[in-house]
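Below are two complexes that have chain A in common, paired first with chain B and then with chain C.
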Partner chain A sequence: MKLLIVDDSNFIRRAIERHAESFNIKEIRTANTGKAALRALNDFVPDLITMDITMPEMDGLTCVEAIRRVNATSRILVISALSDRSMAVEALKRGANGFLLKPFNEDSLREAVADVLED
Partner chain B sequence: METQLKTFVAGAVRYFETVAQQHAEVGLPYLKEPDNDDFLLDCAAVIGISGSYRGCVYFSATREMLEQLMKTVGEQNTHPELVLDFVGEIANTIAGNAQRDLGAGFLISVPVVIQGISTVRLPKEIPHFIIPITWQKHKSFMVIAITNK
Partner chain C sequence: MPAIGPSPMDDAQLAVFVQLICNYFSASTRSTPQLGSPSIEFGTPRLLDYTGFIRFSGASPGWIYISFTQPMARTLLTKLGEQQQDSEMIRDAVGEIASIVTSNAREHFGSSFRVSLPIAISKGEDLPIPEGMPQFAYDINWESHKGILGIVLAPEAAVLPS
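Moving on to the complex of A and B:
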């Protein structure tokens, strides 16, 4: 399985990467902005994308929408600290497949990834 | 203001319980006195608040605490840049979680991280409430300076 991690926090990218190693993920790429994620998708088709919302240059919801214009197959898990219910609803409306609230740990990430992939 | 402060206290408790899977002692919030800068520690992150509120949320901790917390969650690299990134992520998470109670109009900025204790400028016209947080004997502080628009 291939994973693209999109988050402006290096700490979070590394944390997801660390946890993902135990999820049978073979290839991992990272992007620190929405624009970098779109560039990465030019030559990389991930099975799963984890997407932050609050990022400079292009926020995660705009990026999800942009991804869906060119890629209908990758599963997208939005991971954000923004906890108002409307944020999760908006993420799904824009094309995400799931929403995980920060803070997370390995167990909650594993569960959210499994839900998004099985959905 | 009491409701807002309870939200941030709950967010701080949840952060440590989820990420470190350990309990942090969160003390009673108190109003910052003009000459009290005890809450300024080695590393800090400021989140600007906009939308239906204005002001900022500020998290400050010692480098020692942040490095220990990083190791607890499995991050062995404690390069100074990563430590600052981590303090920004803590502030971002606790502030973002407050949206559940404060509503979708509570908008947060990306964190601005600060190294050292002398470079902080907080809005003077808004009262600052300080929430002390103790984890593994390390002190840290959450400072809430927000008001309704």
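Moving on to the complex of A and C:
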């Protein structure tokens, strides 16, 4: 399985990467902005994308929408600390497949990834 | 005449941030900190080695800061399994933790509560917020370390004792 991690925080990217290594994920790439994520998708088709919302240049919801114009197959898990229900609803409306609230740990990430992949 | 400008932040609203910092540690490290009573301060914030700031807007605008000593930050990173513990990583971590705690408050304050991107500084660097603002500072006691959670209110948003 291939994973693209999109988050402007290296601290978070590395945390997801550490946890994902135990999820049978073979290839992991990272992007620190929405625009970098779109560039990465030019030559990389991940099975799963984890997407932050609050990022400079292009926010995660706009990025999800842009990804869905060209890629209908990758599963997208939005991972954000913005905790109101409307944000999760908006993420799903834009094309995400799931929403995980920060802070997360290995167990909550594993469960969210499984839900998004099985959905 | 109706009041113009931000509404005050009361004890219950301040307690939201205390609960959220406890939630952060509890969810990510399974070790919950103890926070004391707040001290009310007006001068330059008491900052430790690394501090993350977030500006928030809404009914009661202001800033949240979370400040850690270097040993506290390194203990936290170790508990999270992060082996890279240089200054750059610690700054990124304190900024992100401040962002997570503040963003989690949207559930309590509604969608008009908006947060900025984090700004992280090391001790001695220029403050990214105006000085002399009223603030509530809570000591964070965690794993034999001390950190600080600060809530800085725009002057109109502060309810201070007479």
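Couple of notes before you dig in:
Throughout what follows, the second predicted complex is superposed on the first by the 119 of 119 C-alpha atoms of A that agree within 3 Å, B and C clash if a C-alpha of one lies under 4 Å from a C-alpha of the other, contacts with A are read in each partner's own complex, and residues count from 1 in each chain.
Heads up, the rule we're going with is that contacts are C-beta pairs under 8 Å (C-beta built on N, C-alpha and C of every residue); 3 or more make two chains touch, one makes a residue touch a chain.
Given the structure is predicted, the values throughout are model-derived calculations rather than measurements.
Legend: residue contacts after superposition of the two complexes on their common chain; A:Phe11 is shown touching both chain B and chain C.
In the superposed model, A:Pro103 makes contact with both chain B and chain C. Contacts of chain A with chain B, set against its contacts with chain C after fitting on chain A, overlap at residues 8-12, 14-15, 18, 54-56, 80-87, 101-105, 108. On the chain A side of its complex with chain C, the touching residues are 8-12, 14-15, 18, 54-56, 80-87, 101-105, 108. If you check the complex, the residues on chain B that touch chain A are 14-15, 18-19, 21, 70, 73-75, 77, 81-82, 85-86, 88-89, 92-100, 103-104, 106, 108-110. Against chain A, in their complex, chain C makes its touches with residues 23-24, 27-28, 30, 80-82, 84, 88-89, 92-93, 95-96, 99-107, 110-111, 115, 117. Interface residues of chain A facing chain B in the complex, by the touch rule stated above, are 8-12, 14-15, 18, 54-56, 80-87, 101-105, 108.
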